[in-house]
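Two complexes, one shared chain (chain A), two partners (chain B, chain C).
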Partner chain A sequence: MKSSRRWSTAIKSTLAVSALTFLAGCAKDAPQDTWQPAGPNAEKIDNLQRPVFYVAGIVGVIVFAAVAWVIFRYRDRGQALPEQTHGKPALEITLTVIPVLILIGVGVPTVGTIFDLAKTSDTEMTINVTGQQWWWEYDYPAVGDNADVYGISEPIVTSGQLVIPEDTKVLLRVTSRDVIHSYWIPKLNGKKDGVPGRVHLLRLEGSEPGIYAGQCTEFCGLSHAYMRMETVVLSKTDYAAWVANQLEPYASPSADNALAVEGEKLFLQQCARCHQVNGLLNPDGTPNIAAPDQYVVSGAAPNLTNLMTRNTFAGASWDLLTPECRDDVWNASSAEFGAKYLAGVSEDCLNQKDLREWLRNAPEKKPMYADPTKLTETGGKYRGMPALGLTEDQINAIVAYLLERK
Partner chain B sequence: MAIIERPSSEVAVVGGASVGVKPSEALGVFKRPAASTSWRDWLVTVDHKKLGIMYGVAAFFFFIVGGVEALLIRLQLIAPNGKVLNADQYNQMFTMHATTMVFLFVMPMAAAFANYFVPLQIGARDVAFPRINAFGFWCFLFGGIFLNSAWFLGGAADGGWFMYAPNSSTLFSPSHGIDFWTMGLQITGIASLTGAINLIVTILNMRAPGMKLMRMPIFTWMVLVVQFLLLFAIPVITVALFLLTFQRSFDATFFDVASGADPLLWQHLFWIFGHPEVYILILPSFGIVSEILPVFSKKPLFGYPIVAMSGAAIGFVGWGVWAHHMFASGLGPVSVTVFSMATMAIAVPTGVKIVNWVMTMWGGKLSFTVPMLFSIALVVQFTIGGLSGVTHAVAPSDTQQTDTYYIVAHFHYVLFGGAIFGLFAGFYYWWPKMFRKQLSEGIGRWNFWLMVVGMNLTFGPMHILGLQGQPRRMQVWTEARAGEGFFNLGFWNRVSSIGSLLLAVGVLLFIINVVYTHKSKKVAIAPLDPWDARTLEWMTDSPPKEHNFDTIPTINNLDEFFHRKYAQDANTHELTQVATAEEVLAEMNAHPDEHIHMPSRSYWPILLALALPIIGYGLIYNRVILAVGAAMVVLTMFGWSMEPSTSPDDDFDPPAPGDGGGHTKELAPLG
Partner chain C sequence: MITTGSKFLYGLGTATTVAAILWFIANDGGSIGVVALAFLAVALFFIGAIASFVRDGHVLSTETEAHASSNAAQRGVGRSWFPFGTAFATGMVAVGLVSSPGIFKVGICLQFAMLGEWLIKNWSDRASSNPAYNEKVRSWVVHPLEIPVGGSLLLAVIVLSFSRIMLSISKESGPIVFAIAGALVLFVGSMISVRRGASRRIVGALAGVVLVALSGAGIALALDGERHELTVAAEEDHFAHRPCGEEAEEADEDAGRAVSAKSSVAATVILRDGRLFAEMDGWAGELSAITLQRSNPSNILFINEDDHEHRMVVTYGMITEDLGGGVSKDTVLEACTSLIGKGGTQAVSVVIPKPSFASEEPYSITVPGVEGASIEIQVP
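And now, the complex of A and B:
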């Protein structure tokens, strides 16, 4: 008696857990919710997985009900020993054929979706996406439609936030410079690994302006947890404005902003070896070309030409916006979103705390094998940004300089 | 074969010539160890039952190690931006948690049951190669210790148990952790491989007269399938580990992209091993519950041939699904389709098992003892794990779920809710057989309920976490990605961490139960047949004598023991008990076999196994040590090969000259 009651409790809680699982799609405000598609590719997956979850749920309930019934009905009440039957072939065949039929029902649409999501013939825009420890680089090549339709007349190189036009079939060419990473924006599509030496194609399309969060999902070493990314969807007009801004020629800080002028000098000394700022000139008037391959294992460092047009830094792990300003952009209606995003990071909105901590001692904020003894295998190259030993004055100057990068 | 039975006047013939066997004195180093009851006997024993117990104790120790690692992981994730472990420690922790649980707990614990019970279930007196059996155990133990010694020597492996290239190269993982990992797994792999060959030969050749394959207990069947899986899967991981060792220690470039390698090579090798490995982990537990459910339902296993054959079918199809671990790694739509369909196909034989377990209980007379409770929980929890498995057999859906906590939930329902619950069912079911005392049912119920609640609280919420987009292998999770609704990551991470503590208390109660059962004077000696069991291992003393059976029984039925106790009326199908277990045993032992000859103890297995970690340390630290280890391997193998499997003073009948022989049951002592 007692044990059957215990059992029904157990069954009930099991059912509750599985019911919660199936309801998980209804949550609010989970930026990486896999059940809230915001683009046709993710919708295709959603349309496939929902019925599969329902069928699985129903099968589960039937099995649990059968177990519960057996436990209730056939517990030892002193009944006679049961007949020693060894099976009923007809029943067993039936119970084998039913799952086969269910799986055929699941399998056919699965195959269709697999091929739909692998299609590349309808591509409207191509972007190269390269992973490295522990951030993503986005390279918008100035070819074909990119140049003709979207005005990308010169290659644009950014990081942190991938920016794409609304209702446009974007094809990402995903690869890696060091270990395997995986590009995943749950609301726009499933994930695809970036494997060094290989280029994998991933469709991406957003139906509504906004910011869509994601995370690297292939374990990639020490700071795997700090390799995040965001995809920003802009309306087509806003996108044109964004492109135009990215391509604006470089301007040195004006003389009345003495701190930023000082910052440019410091940037050239301290940062420009690895970080490219397009158009920045050396003191002798030659263009400054960053050479991160000489200092960093992955051979790359984020391009900072337009740092303040994006909202995050350091592998999208920290915001460049203060929490209030961030909420203002993230929660903006799709009509207002474009203008707010294009405004970039103003001095009032700058998240000074995290950016200054980062400049003070980056490896303390984000684990990067800062221990010099661990650099023997790499021939002294860093695995990310080292601690530069900047003074507070120098940090002030660099922050002032960076604020103008938009 | 190692077990020699012959009338005293007959002759042993090896290779056609009569041999006066000279034992190991030929080498003049070690005197062969003699029978003893001291702890030293455990070092030199070749008895499959003692080895089974040693496998069990060692595996349980590693279970606790892996469990502590799991608790630290959950403690780190109980709140955002956890500070318990730093990134480096966290990466080591989840790598070693998985490695420990898979290679050092579930596999060897299944080997423990297989070692102890397969010979008993098939009516044999030992395994086919008893010394190799001992060697396998010591390889497992020393391999496991070697692997874990990395914790004290500069840090354990940090590349994840899947150890994907190129993150596993020295450039990205400069500590020695991965070197310990490759060599440690190599050594435990030897244990699995020798064990597999040993059990296959044992099961195919040493069954009692009348025990056809289709009269074999279902546990033995599942063990047989698993050994074939091991036989073919372990060489694949062996190759992969060698490639990685050569890459790390000798600058080979198998996975070096700059030299033209494709890192996906490692993934294919790893998962061609890794997916059959999943079935290696789960099938023994399927076997255990397929023994237990009939006993406590008082009915034979429903559809025995189908359960046996579906196990074999899983064993075959299990080879064709490895790339479902790689749906996001850019295989192309055709490959993805093939592996997606194959993965769905394997759900069919798996589903068949669940149906047959439910139908076994249907119409039975169920008693809810602790082993039965664990078995029923396996059926329910494995069903959840199996169904979530079907959801990611759907490849596009899997690209959303893979590498998230949804997958962690899925395989913990299969491996904890399934495999480990099956092993606990086995502990409670077979304890009186192994140790004469029955574990307390009272503490056992607490043990069970805490584990059920703890397990579902720990892993149930992970379904939610994963579908909400929390990736795996993350040292920290952030408030910024947690959401605010009912399914926010913060709440469910907390629930999961609290659940893991309950689970730990549940496991602790098992240990308390063992101590209580053996220390308390209140616990009486268990009866010979406490569960009214059905299979052969219960048709002998508890614990069995060294030679298992005084008389090797002749088998006429599936569930032979049950049929000797009960008779069924041909017309009314009514069952009546015709004999008690004691009477069955007394009748069987009325005319015991004479001159039962058991394999003798040996030093060589432990010495040979000891040489292997020495090679491992040598590879990492000093090539001179490596040479010492290699020399030790050669010498111990030589010593072993010079030693006959049976010592001459151990009931050995010397050959009479001139007699051609041919009357012995078994000729060559190979083991």
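And now, the complex of A and C:
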């Protein structure tokens, strides 16, 4: 009686765990789903992983079933020990040949896919991707086809969101400035490590306009979990508009917007030491050149020239858009997506809460070893943004100024 | 009962305790020195307690026969050369004090070694009345120190001698000598290992002859000096940053032939038929402009396919130092390879801290002496 009850409990528990595991695969909002490719590179991986998964699944089920049957059928019931034999050449050869054939069947297309994914000879656009604790920088060099075909006449530097044209073979040159990171947009391709001093190549191509989420997949320190990234795919027309906007000369806030004018001054005093805003002038009229190499371990801080053309900030950890506006962009149809993304962040849509919390005390929101009393090991340099001790009035002014960075 | 021996140990233990307290006060606590001294004090008190318990191992003075046959009463056996060694080491210390810190340090180390050996030899000679046993006792104590230290010294002699040889012979001969020496070691070692009956004496003699020959050659070639290029490099302060002009032969501190640098190059710069161009992963064809990531170590490999010797120079802006009093000093940021001949390659590692637009002059790669040989570097 007791035994049957125990069996019943075990079976129920197993079924419950299995059902939960199964249902976990039905997540609706799964932006990093490797089973939903959105570009030819990811499709190549998908075409490989599906048959491998099915074959492995079938083999797994057979093995588990056989083991379970043997355990049950030949369980100890006090019977005599069966005759012991050694060696069964025919069976052993069969059990060796079958896995070998399966592995060949898996190995040949795997090698083919690896070579396909490593192909770079037909690259149409090249972008440098640099990881550092805990954000990604993207720079678009004004060299070769970038300049000749895509109109990138001056280098464009951005962060958080990588913007690429649809149906274009984009090659990322991935590296890192401090520790090893790993760049991965699951719907567009596999992952590639960013290693200091080395440049690794990764092909990305998106077939449909939209935003594709990713996550650093190499543990890189305290805020690894906050090191996210998004790739934005725009139609070629929209992409040209995006490039043109990024290359627009800097415009200071107009005198009508006194708060933003005040914000520009504050930005120069508090932020411009690390954050570059192209075209921003010092009070003496000379161009302001940020010097993150003097203040930050990695030697870099996000370029904020066109901050409000992005949807995220702080390593893509938080949205610059309110949830409603974000949903409006993320869920837009392919035809409408470009216009909605290019609209950038308006005052109404700005996620004031997170941005203000960030400006108030960035290390509290995202751990970054930014305690000034504990910087002896790094020669006084921060690993992220420190708390600047801004007043609420100063935050208001800086937010007003940043809102104009489109 | 506090015996004479234990009294010494208790005294030393107390002094160590006081030293630990003083150390603690002087170093604001938390120092590893306090822990070390405290452990030493505990050890001394413990040994002192043992000495008290065994009464210093004394036999009663009234038992004259036992006294005469006690271990401590035995004469030392054999002649010791440690006094001579200690005196020699003391001489080295004295000479080192007035001539060279190196000799002084070696003298101090030798002095400690000689005194330690002498101490243990004297102690072990009185361990029992059996000289063979005493020798065994000595070896138990000192072999765990003597063998690794001796082995390390022997290894140091071999490495030093071999390195002197390699620094003296030409660059072309170096790999051949290295390969032959390696092959010989492998061959002789294999022969010895497969011959079960190999005489230890013969093997030892062979090793001795090789060692003497190696160290002799090392000393002779060290006296003869390093090969010409290295001597020139040392005279010209090879590793300091030097102007990257057309003629200077020396290399820059940022230039390196490290395999690791060559294995991951950001760009390869080639001089061919008077044209300078670059190749980069991710960009097709020959490039007249390249892009490097800011604040990131980038290795640039230079390949000279021209008939004449050339160097590559990477120029990436200027820094202005404020020297105070309204005086400032401008320094051009540049790095260069040494002059390399046809077919030669050399890498330069640069970290460019500022974007290109921070400089009035564009960042560039040039080859002095080759007109029009220039590649623009874009640093976003």
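The rule is simple: the second predicted complex is superposed on the first by the 367 of 406 C-alpha atoms of A that agree within 3 Å, B and C clash if a C-alpha of one lies under 4 Å from a C-alpha of the other, contacts with A are read in each partner's own complex, and residues count from 1 in each chain.
Convention: a contact is a pair of C-beta atoms (placed from the backbone, for glycine too) under 8 Å apart; a residue touches a chain by one contact, two chains touch by 3 or more.
No experiment lies behind these values; they were computed from the predicted model shown.
Of the two partner chains placed around the shared chain by superposition, neither chain B nor chain C is touched by A:A251.
By the document's definition of touching, both partners, chain B and chain C, reach A:G197. When the two complexes are overlaid on their common chain A, residue A:T120 makes contact with chain C while staying clear of chain B. Legend: residue contacts after superposition of the two complexes on their common chain; A:P141 is shown touching chain C, with no touch to chain B. Contact comparison for chain A: of chain B and chain C, B touches the greater number of residues. Contact with chain C, but none with chain B, is seen for A:T130 once the two complexes are overlaid on the shared chain. When the two complexes are overlaid on their common chain A, residue A:S298 makes contact with chain C while staying clear of chain B. Of the two partner chains, neither chain B nor chain C is touched by A:A335. Contacts of A:I289 after superposition: chain C is touched, whereas chain B is not reached. Contacts of chain A with chain B, set against its contacts with chain C after fitting on chain A, overlap at residues 196-198. Note for the complex: chain A touches chain C at residues 120-121, 123, 126, 128, 130, 139-144, 155-157, 171, 173, 175-177, 196-199, 201, 276, 278, 287, 289, 291-293, 298-300. Residues 264, 266, 281-284, 287, 289-291, 293-297, 299, 351, 353-358, 378-380 of chain C are the ones touching chain A in the complex. Chain contact summary for the complex, chain B toward chain A: residues 86-88, 91, 159-160, 164, 166-167, 170-174, 257, 260-264, 297-306, 328-330, 332-333, 336-337, 340-341, 344-345, 347-348, 351-352, 354-356, 358-359, 361-368, 376-377, 379-381, 383-384, 387-388, 390-391, 394-404, 449, 452-453, 456, 460-461, 463-464, 466-477, 480-489, 558, 566, 568, 573-575. Chain A meets chain B in the complex at residues 3, 6-7, 10-11, 13-14, 17-18, 20-21, 23-35, 42, 44-45, 48-49, 52-53, 56-57, 59-60, 63-64, 66-67, 70-71, 74-76, 79-87, 91-92, 95-96, 99-100, 103, 106-107, 110-111, 113-115, 117-118, 133, 178-180, 182, 184, 186, 189-193, 195-198, 200, 213, 215-226, 228, 297, 319, 367, 369, 374, 376-378.
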